[in-house]
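Mind looking over this structure? Questions follow.
Residue numbering begins at 1 within each chain, and the chains themselves are lettered A, B, C and D in the order written.
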Amino acid sequence: MDDIVIHYLEKPQLEDPVFVQGLPGIGNVGKLAAEHLKDEMKGVKFAEIYSKFFPPQVLVLDDGQVRLVQNEMYYVKRGKGKDLVVLVGDYQGLTPDGQYELADFVLKELHKLGVRRLFTLGGYGMGRMVTKPRVLGAATDKALVKEMEGHGVVFARGEPGAGIVGASGLLLGLGKVYDMKAVCLMGETSGYFVDPKSAQAVLEVLTKVLDITIDFAELETRAKQIDQITSKLREVEAVPEGPGKEDLGYIG
Amino acid sequence: MDDIVIHYLEKPQLEDPVFVQGLPGIGNVGKLAAEHLKDEMKGVKFAEIYSKFFPPQVLVLDDGQVRLVQNEMYYVKRGKGKDLVVLVGDYQGLTPDGQYELADFVLKELHKLGVRRLFTLGGYGMGRMVTKPRVLGAATDKALVKEMEGHGVVFARGEPGAGIVGASGLLLGLGKVYDMKAVCLMGETSGYFVDPKSAQAVLEVLTKVLDITIDFAELETRAKQIDQITSKLREVEAVPEGPGKEDLGYIG
Amino acid sequence: MDDIVIHYLEKPQLEDPVFVQGLPGIGNVGKLAAEHLKDEMKGVKFAEIYSKFFPPQVLVLDDGQVRLVQNEMYYVKRGKGKDLVVLVGDYQGLTPDGQYELADFVLKELHKLGVRRLFTLGGYGMGRMVTKPRVLGAATDKALVKEMEGHGVVFARGEPGAGIVGASGLLLGLGKVYDMKAVCLMGETSGYFVDPKSAQAVLEVLTKVLDITIDFAELETRAKQIDQITSKLREVEAVPEGPGKEDLGYIG
Amino acid sequence: MDDIVIHYLEKPQLEDPVFVQGLPGIGNVGKLAAEHLKDEMKGVKFAEIYSKFFPPQVLVLDDGQVRLVQNEMYYVKRGKGKDLVVLVGDYQGLTPDGQYELADFVLKELHKLGVRRLFTLGGYGMGRMVTKPRVLGAATDKALVKEMEGHGVVFARGEPGAGIVGASGLLLGLGKVYDMKAVCLMGETSGYFVDPKSAQAVLEVLTKVLDITIDFAELETRAKQIDQITSKLREVEAVPEGPGKEDLGYIG
């Protein structure tokens, strides 16, 4: 079989679309953010990606049917230069070479779809509890850095110190080869829990950049649930909240 | 060498055969069930599958001869729509990509043999002793779910929570691509021991579905032997039998 | 680069040669035996095999020069049906698929050299000290099993229980595909030490089979050195010598 | 995508250039040395190498821009037979086969550039603190061994006992195939810290061989900083400085 297979449910005609990706990673920040975006924007699924670089696994749906683990692409029609393509999924590639192959594959498909601008979303592990997550950035050129700074994205020298590992970084790194202008937005997160609050911080920036208005109620509800759990844990286990930041490096 | 090699001992002419697979996995439930079925039905071996995705190993038979570790296919002639193809074997693929390649390879061969309906057999690890194993199911479409429910198969929301990992799941997931109607039957098992009782539970469902009558004496004898061992162990080590179910996830 | 590269120093004309292989493995029994054989028979090196399935490593020779880790083939001219090809080397393949590829590659080269009969040498780990190592066997057909029994080789039901892992086994398993008659000779060994005594036991059988007379002085000297070390260790640490055999499985 | 991609910024015309490589490894000796050399010689970057054998990672530069992890080649024009090509980088290949592929790839590019002489730089782990690091050598032929001995390089029987693992060794081992004359220079280092002092020792030899004069002030400053840290650590933790050398084997 092919290493990676894409199955188009529909071939959408999009005008100069912007691409947004969020996959599982630290705090699941990117995945939560991208899924919330496509849900709120009523994205239409148009492609499924299977790969032997994913785990050999099917998921069992509530009705007893199975589906292979996959990545999925959704589109949102908003008009020329504002159309969206959103990629979410169950897994990132399992191996380093799988990560490269998947990133390259996605970039080739995006090129065909006319995408020239990318946003990858992820978490930035702080190793300590984070009350007000900042959104850190990295980009493929200086003009983008400036533009993002105007939207409150933090570009801090030496952060992230270990670079960006995984699909969020590779799409930028390999995107340069395809002449894609790309930004990675990373929400600060402890790295200990799934973090809807960090996902919201990332989305607040992204929606400002893309001139989108969405509701955050669902993320806020989930953040409250997580807060209740972690505050209980903190009573019991005294999770550190002070400085003592360690760079966990992985971003996803 | 080719990644996967199939060696046909015979090219059977089958009429709309049904495929059954049982490979090593949790509790060896699938392997025990499929081997018992082909033994009782006097299946005829017609193909051997070698692969560099299996361990680099030969087995030494009782007469001193060796054979490569392999998967094997047997057929049973029962008439149109009732013929069986049974796949058993020493190993599943060692790596994720090997699992994908092997599942895809088997599906291609099944397609040539005219197979359109698959049953994969496996165990569902409960993390506790199981007295009366239920048989859980997953399927490629809703009609099959309904049909299986009619035979007592349990489709429980959120079970298995972690999906189905390995060959049993992949054949369903990739089978959809080949337009195969497929069911995975999973016998509940502790996950601590080889489990002939769970294998019997799975086979009792399968034989009802396929309208087959077979003898279970051998599985029952083996189940009694295991029971004796585990009851002694329980006296000594107090293996938990209460609730405290953990989803071990792997099914095989 | 190619996955496996063979570099012929010479293309020997051999008459129906017999192949002998000994690579690193448990107790280094196979490697010691095969190297002793080619040294005593004054084998002439005629081919070197490099591969990316070996470690990325060079060895530094005593004169400061390097050489890539490799497998090597030597020939010995003794006349029709008695010529030898001996393969020794620094490593076996690192990965399962590498093991398969290397075994298949070697078999193809042997086929070109006119080889139809193989002997692979290895150790059989007992998990206890062995005073008088038996030589166990496995073969590709029943006639060979009988022939080897006539030379004192032991074919014991259920031994080795876990089969034969690695190059020694694969050459037999894949050799069948190339219509090679092949025997694996395994000297019993503790699995704790390099074992020249076991290597000698294996060679005593092999030389009888091949009607070769060689000197064992060097192996005997090395065996004595090891004996001195292990007897000292036994005083201090009480290494078990009694029964309590565990099947270590790996043979090499 | 291709397994390895080279992107030429410029196609330099070099006359019989000498190649120098230093990549991350034990004590980062090779990387420190090669980077210092190209910095002091004002090397001009002319090629970037990406590969799926490297980690799936981008680095974030101080200005917020990203770049894929890579290896880089620089040239220095000094005249016929004295031109330099220097390779430095973020990583070595992650897997054994990746190491082989990368070494073979680099050798092919060097061949096109007219390179016939290689120097690979690395550290030699001693497992103890080293006050005055010797520079050990290995080479592709005896004449080179002699020449290097004339420059104070130590070729000690049995050192390094475990051979040379990684890119430094492979370039020599595979270089023979491309008829390259190659030397590996290894600075003794504890293996516990980044070691600019060992890097300087290696460079002092190399610059003598290549008839180059460079300033070592920066390496000396960094060595002093490391010395201060390690001397403090020694007070506290008593890092062994006596004999007790263990061969750490890995060289890089």
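Going forward, a contact is a pair of C-beta atoms (placed from the backbone, for glycine too) under 8 Å apart; a residue touches a chain by one contact, two chains touch by 3 or more.
Just so we're clear, the structure is a prediction, and the values are computed from it rather than from any experiment.
Chains that count as touching both subunit A and subunit D, per the definition above, do not exist in this structure. Set against the C-alpha centre of subunit C, every other chain centre is closer than that of A.
The centroid of the Cα atoms in subunit A and the matching centroid in subunit C are 53 Å apart. For this pair, subunit B with subunit C, the centres built from the Cα atoms lie 37 Å apart.
Shown for subunit C are the residues in touch with two or more other chains, of which there are none. The touch graph of the protein chains shown is a ring with every node of degree two.
Chain pairs that touch one another, listed by label: A-B, A-D, B-C, C-D.
Residue ranges of subunit C in contact with subunit D, taken from their complex: 1, 3, 52-60, 62-69, 94.
In the complex of the two chains, the subunit B residues touching subunit A come out as 93, 96-97, 99-101, 103-104, 137-142, 145, 155, 157-160, 163-167, 169-170, 172-174, 176, 184.
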